[in-house]
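First chain written, first letter: the chains are A, B, C and D, and each begins at residue 1.
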Amino acid sequence: MESSETYTSDEMMSIAAARQLRNNQICFIGIGLPSKAANLARRLHAPDLIMIYESGTIGAKPTRLPLSIGDGELGETADAIVSVPEIFNYLLQPGRIDIGFLGAAQIDKFANLNSTVIGDYRKPSVRLPGAGGAPEIAGASKRVIVMLRQSTKSFVEKLPFITSLGFGTGPHDRKKYGLTGSGPVMVITDLGLLEPDPNTKELVLTHLHPNIEVEKVIESTGWTLKVADELRITELPSKAELEAIRSLVSAGS
Amino acid sequence: MAEVVSLQDGIRHLLKDGDSVALEGFTHLIPMAAGHEIIRQRKRDLTLIRLTPDLISDQLIGMGCVSKLVFSWGGNPGVGSLHRFRDAVEHSWPQPLVIDEHSHAGLTNRYVAGASGLPFAVMRGYRGTGLDEFSTTVAPIICPFTGEELRAVAAVNPDLSVIHAQRADRKGNVQLWGITGIQKEAVLAGRKSLVTVEEIVDELDPRHGDVILPSWLVTAVAMVPGGSRPSYAAGYYQRDNDFYVAWDSISRDRDTFLAWIDENVL
Amino acid sequence: MAEVVSLQDGIRHLLKDGDSVALEGFTHLIPMAAGHEIIRQRKRDLTLIRLTPDLISDQLIGMGCVSKLVFSWGGNPGVGSLHRFRDAVEHSWPQPLVIDEHSHAGLTNRYVAGASGLPFAVMRGYRGTGLDEFSTTVAPIICPFTGEELRAVAAVNPDLSVIHAQRADRKGNVQLWGITGIQKEAVLAGRKSLVTVEEIVDELDPRHGDVILPSWLVTAVAMVPGGSRPSYAAGYYQRDNDFYVAWDSISRDRDTFLAWIDENVL
Amino acid sequence: MESSETYTSDEMMSIAAARQLRNNQICFIGIGLPSKAANLARRLHAPDLIMIYESGTIGAKPTRLPLSIGDGELGETADAIVSVPEIFNYLLQPGRIDIGFLGAAQIDKFANLNSTVIGDYRKPSVRLPGAGGAPEIAGASKRVIVMLRQSTKSFVEKLPFITSLGFGTGPHDRKKYGLTGSGPVMVITDLGLLEPDPNTKELVLTHLHPNIEVEKVIESTGWTLKVADELRITELPSKAELEAIRSLVSAGS
């Protein structure tokens, strides 16, 4: 199966992510890859996707891809702007968000996320930006979708720091820690899709993107990756999808 | 009632070495000019409080004004790392930086508690994360009705809270609109507050979505047109996204950074 | 997404006997018509939640719809007593009325906790008062950082929250402005919500000071022009202060009250 | 000393109360007598008095006396309207209010207030409206001024219910209960002014209104009323004060 057009692995990742979103869903959007995917979905099959950014905008309809989660166009096109306390306390915390859509620097096999440090917290080799809205998005959204590029540096056996809890050490930790949402349902990478095993909650490779070998995914994972018995192939990007993603102009450019 | 002052006098009289200072503005209305004045006045040993430490925080940290950072996301939005922040944390340059790190929800609720005259706020969060382990301003709390375990976050009450707003009137009533983030809470949590504004007008005509801070809730107002650049002020000017991108290379190297500050701030 | 329904269907499908129901509106935008529909449908054994139980509460109590009242100020503003409320508390007419009584600040924070998905909220208050002694939804709580004793109030999450607003669009987005009181929190605390509106329009053009409740936060919207009378709807009609004064004599006597309801509500 | 004009005892009370307010003070206004006195002060010596009503209006400048604390004109003339949570949590609770201005049905010698019940709480002979904003206004305002008509029914030895704490049982209770404001500084009645003794916090009659005998005040008090050594006489209502109070038109009329 060959695409009639060439595309990049990042385009494939964004398109695969956009496909997961449904019209009228309420999505809490992290900046970066999730924001791009959500805005792509809005241009394709989900024009009434309701995007919530942590800066306080509800239902923004930007024409360009925002560089920051507080860009002017988000405010100008929003159904409503509320304060940051309202976003977190009134909208996120009570479980009103359908999809929490997150990126991260690192992930482990239970879909816990690190965006804080590489190395020791008190003396890090790389200091990352930190948590932002992620911990509570991961905790309180009804479902969580994660996007990050797959490599042994990003898919690691043990996180140096848990910024946002996926499933902790297995199927019981979310309950133990009082998290109200059901946690990650999918991890979308540039190589394929991973989903938690319904019983163990360990991530399992369920889809390969077109032309990606399963060995490549296994090699790009810092733990012994489980692969689904029925490994499926992601549908190729359509002409419409590629046109839409290429017409997404960043506000910064 | 708020006093109308110059930016220079405002920073000079309201902020002293060793103080805690909140600079708030969520992408929009970031009080950049006030940050630059803090650099020019070479304030030292500050505790800087800010949800999203970005360029202004990078500059204050790089110039050695800040000994402690209370924050929840320290990056250059949509661009990448804050190199001066990283250099301080990773290599203690120009001096060590103590951090008190939270999630946005957590630091937001610390401001809410501070604004509400309470010693703490209650929230769901932190449990199971590294933030819970390392922060001394997060603690378990049990619901007296349900027995459920939640988290308390300690109130934050900055010695000075600084924000930028679109307008004030001559009595010192402040008006801001657009994305207003955590600014109301930051001002109310502050023991003192300084608001820089694009303009001072005779009358604040209503604007849709505006937040009004009555004069009696504000310590001082200073007129600083463009005081938020390269951030933006809805109704006045746009975000200079190019500069945010350019900051990555300006700030990556210590000498380039110092040269830029020398040329553009001092 | 909110469904647009008739008031009759809204009350019929969203409220059942035994439910807790919040009717909010602080002097302004009181959902009077919805209360009358509850009376017409002869709902029973309701827990009525309202900061300022006034005429509509008096009517619901007098008609035997309410077995429990959660409230913080039960009077006819500027006029005096609520006679049906008093008759229920003092003489159990037409049936006994259980009360869960708070201060405004306390019940407000119970709504805030409910809207925030928390089991309780923290506040200064109650200590040293009779309210502290008699309420089962207030409890001591100790600050884990300072050791200070404060009060926790239990979240309130009505089975149904009803408010009146100026407008909605056809998708069910709701817009209200003027004094908006505790209505946003009441709707967000409710397990379900019903908003009566003066009109349903194609587009909600911005109004200064408006509160927007996006359609996905509301269960149902019903168009009921004048649905707040004799309370008022800013931009539509004024408060009928004369009727508030007249209510004192209408409600003082059981038979006069019943005759008035019979003629004006049933 | 005779007034050139006659006036009612209620007018004297409102005028005496209005005189206590200063321009630019931030006043949290209870409905009824306090609202009337505050609006009178605005028309006399305190045009920039900042009135806060618990409905959410800040700095309202009504032309008529509001019947309710949420009247339309309060909203229309306000500097800002905020939500009820903001009024109580952001403005009152942190101690930003200069004067909390309260009425009540009953008061005791330590300026504790009852507006809840007469008789037993669980089986009251008279059910009053209840607390409203009063307990926290009494607790958190920097200073509290109370207005109520004086009689043995309203000035009682023991309250059936403490709705709002004045000084509890003496000078230490406000601290014990964690109240941040300094409590009642004056009780204004139709007969005179009472102020707490600086040491014991028991109310002492310090001023008689003109033509009121001290015996009348003592007889109208349900406890053995302490009288100041230097009992002063309230200044007579001026022509301007009487004109102003008579021009206050109620919204309900």
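Criterion: a contact is a pair of C-beta atoms (placed from the backbone, for glycine too) under 8 Å apart; a residue touches a chain by one contact, two chains touch by 3 or more.
Here the structure is a predicted model, which means the values were calculated and not measured.
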item: Set of chains adjacent to chain C and to chain D; value: B
item: From chain D, the most remote chain by mean C-alpha position; value: A
item: Rounded Å distance between chain B and chain D, as computed from the means of their C-alpha atoms; value: 40
item: Centre distance in Å when chain A and chain B are each reduced to the mean of their C-alpha atoms; value: 28
item: Shared interface positions of chain D, touching two or more other chains; value: 89, 93, 140, 180
item: Shared interface positions of chain B, touching two or more other chains; value: 117-118, 123-124, 148, 150, 184-185, 209
item: Touch-based graph of the chains, sorted into line, ring, star, complete or other; value: other
item: Pairs of chains in contact (touch as defined earlier), listed by label; value: A-B, A-C, B-C, B-D, C-D
item: Partner chain A, residues of chain C touching it in the complex; value: 1, 115-118, 173, 184-185, 188, 212, 214, 216-217
item: Residues of chain B touching chain C in the complex; value: 117-124, 137, 139-141, 143-146, 148, 150, 152, 154, 206-210
item: Interface residues, chain A side, partner chain B - complex; value: 31-32, 54-57, 66-72, 74-76, 81, 83-85, 88-89, 92-93, 116, 121, 124-136, 139-140, 161-165, 168, 173, 176-180, 250-252
item: List of chain C residues in touch with chain D within their complex; value: 26-28, 51-52, 71-75, 77-79, 81-82, 85-86, 89-90, 101-105, 108-109, 111-112, 123-131, 134, 148-150, 178-182, 184-185, 209, 232, 234, 238-239, 241-242, 244-245
item: Touching residues on chain A, where the partner in the complex is chain C; value: 24, 26, 50, 58-59, 79-80, 89-90, 93-96, 140, 180
